[in-house]
């Protein structure tokens, strides 16, 4: 069975380490915050200018001056700090954020990522995504393996305009955990009950398949 | 210290000199930390053909969106737009031009503009549409593109507290683009929630020194929330 | 939040991993805001062939000057040196190399290093010895030179207060180069006058967020004054 | 009579305007702070990271964490602010300081300035001087017109290594107030009792002399 959004977030969360500073994109990446392993703490960075982002507020905590990068109202944890957007992206561009999780439309065997623009549709902009993919040494993309129509999103060459070139090394899809290096996808794990054949069928780019592909456990 | 008293009497004085065709740098992220009264004043003045450098363009009836309603904006330089329908309509009708700039590059372009740095290199956007037509340079085995700085004829800024000398502090994530905007305007106009006397702000805790501020006005703010999100308990 | 507790037990732990030949970025201006205990620890460790990036090089018996006494410094990257005799002696004897960098360019090189900007343009130094051998570019009719950023194997920083997560505040002009140094070290070690608990520092007033800090230690400071100057009354 | 150091500072101070942010170099420039015209206020910037520098401290006010760019202990006025050296030079490089006063060894008809290095002597460094001359739109140099041996410091071409190229427009010496433009010195005022002939004799670079050269008044 393909992973649920929650399971995808859960799988991504296993890549976390204690003491990581983490930036989570909108969508599935946001859910990762719900699956931080026990006994481990991470600190969330919000690129509009907050380190130490907390949960959504209660009615009483609601503060128009305290939002996240998705423009939702949030809170700040004890020990948080606020800073300007220039300082925030200095932090990101300078590689100080340990771990970044982003959604995408497509990735390819060269580590390219397309995530912000579909030609013909209204272009809303890249926001901070281009800065995040260029700045993060340790970045993981999470998205469905293929579209609803069965078109692979793991490609030889991204078809959509790129968000970043050669920057993605790890992908968690609803079917598999895949690494990218040497111009190939490397299948590392599969979703419970999903066959290697199905993954291969839904992967357009060249993929290396080891003899044993462990099933993820939840 | 009369020469350093930046407080102006009213909004007319705050934006005196703003003319058709000028470039305005605006602080704010979404609807958070935006200079509401100064935007309203530009709406009232009816100034046209403006270029706005701002991370976003508000929503239909709030933030910079109200200037779209007045067809006052010719060009937006932003990282993310289209939270409002007017924007899309005017863009498709060719009445509005948009230059999309990655958020961190936009922040840095403003910072560089204020800091006398005409250009800098960044890896952000290399190999993408953003890098097209820009100079590419390799440093230590990695590719970077050259980005130019931005300076505005005016900067409009929202701060929490400001003293009469123009020293400013911002509150929480309402800081966002405001400190860089403040440095990058030939004339910087600041709207604050509270004007205080010099000395009331701790000199160690001032986010924007008064040297960057030309005019200061006390505003009143709706502080509309774009995405009110609560947790259950 | 054990993973974020940056406090180390002693100076050995604070500078563990510092090796001969490394580059160290140091905060401080003159003797103001210098990490006294960390410098003493390097003296004690006897690490050699170090390159120091620091605005100044202390005086004969204080600040980085004590590392000259130990012949531990191979190269200084500074804007102003020579407040001590040892410096001149070692320079003339060819034991020490110096690269002079304008003060503002030095500050910006550190800031750029921390911010992932490999190079930037500045008018400072154009047409002077500083500009020799550097790329010159004209922007809007003015000449600028390209300067590269600096990153250190270690950064040693002095702050006023720091919480366990490494959030820092500096006091008065002891801030100087410390905030940029803090961002530009692969390993950033900070010595503070007082360690406080997370939450004691106002999140709006933190000068250096803890993300930049790897190790934090409470020091005791002599705070020697280089030029004690009083007014008559 | 040649101006005293105090008179030179006094003449420079007449260029101030109410509300100016001012950076004063070491030496004669520092004295300018003593001659700010009545009813006028200026705010002093110290490039190590202070806007709103006050007078030297009393014994009771002495603070090792509060020094000026010359490393002397100082005070801060009400309404001052502290910032990092990067922020301070962003302010300077960005042209936000209204008025800068610096000493020099030499200036020339192209507006070049030499002020930090005498070859053969120990080189101590330029400190912030190169940033200050490059960043200031409104800068005034103050120095003696000639050396003790009668060698002019207003030259056709600076003989010493430059601090900045083409950036000086105004010079106050002990003999004259001179402007620089179009590749020439323009004599504007002379010290009381100093003849135009003496000024011309001690000026090596080409100088334009108007019919009337007013005497400075003190």
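Chains: A, B, C and D, in written order; residue numbering restarts at 1 for each.
By definition in this document, contacts are C-beta pairs under 8 Å (C-beta built on N, C-alpha and C of every residue); 3 or more make two chains touch, one makes a residue touch a chain.
None of these values were measured; they are calculated from a predicted model.
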- Message: Quick check on the contact network: minimum steps from chain A to chain D?
- Response: 2
- If you tally the C-beta contacts, which comes out ahead, B-D or C-D? C-D
- Whole-Å separation of chain centres (CA-atom averages), chain A against chain C: 35
- Note on the structure: Taking each chain's mean CA coordinate, chain A and chain B are separated, in whole Å, by 29
- Task: For chain C, write out the residues touching at least two other chains, lowest number first.
- Result: 108, 111, 115-117, 122-123, 170-172, 175, 203-204
- By the touch definition above, chain A meets two or more other chains at residues 76, 82-83, 89-90, 92-93, 135
- Query: So how do the chains connect up here, line, ring, star, complete, or something else (other)?
  - Reply: other
- Any two chains that touch count here, so list every such pair. A-B, A-C, B-C, B-D, C-D
- Contact footprint of chain B on chain C as seen in their complex: 108, 112, 115-123, 137, 139-140, 142, 144, 148, 169-172, 175, 202-205
- Tell me, which parts of chain C touch chain A in their complex? 1-4, 111, 113-117, 163-165, 167, 183, 198-199, 203-204, 206, 209-212
- Message: So in the complex, the part of chain A that touches chain B is made up of which residues?
- Response: 46-50, 55-59, 62-68, 70-74, 76, 82-86, 88-90, 92-93, 112, 117, 122-131, 134-135, 161-166
- Item | Complex contact set, residues of chain A against chain C | 17-21, 40-43, 45, 51-52, 76, 78-83, 87, 89-97, 135
- Please give the residue numbers of chain C that touch chain D in the complex, ascending. 29-33, 55, 78-82, 88, 91, 98, 100, 102-105, 107-108, 110-111, 122-130, 160, 170-180, 207, 223-231, 233
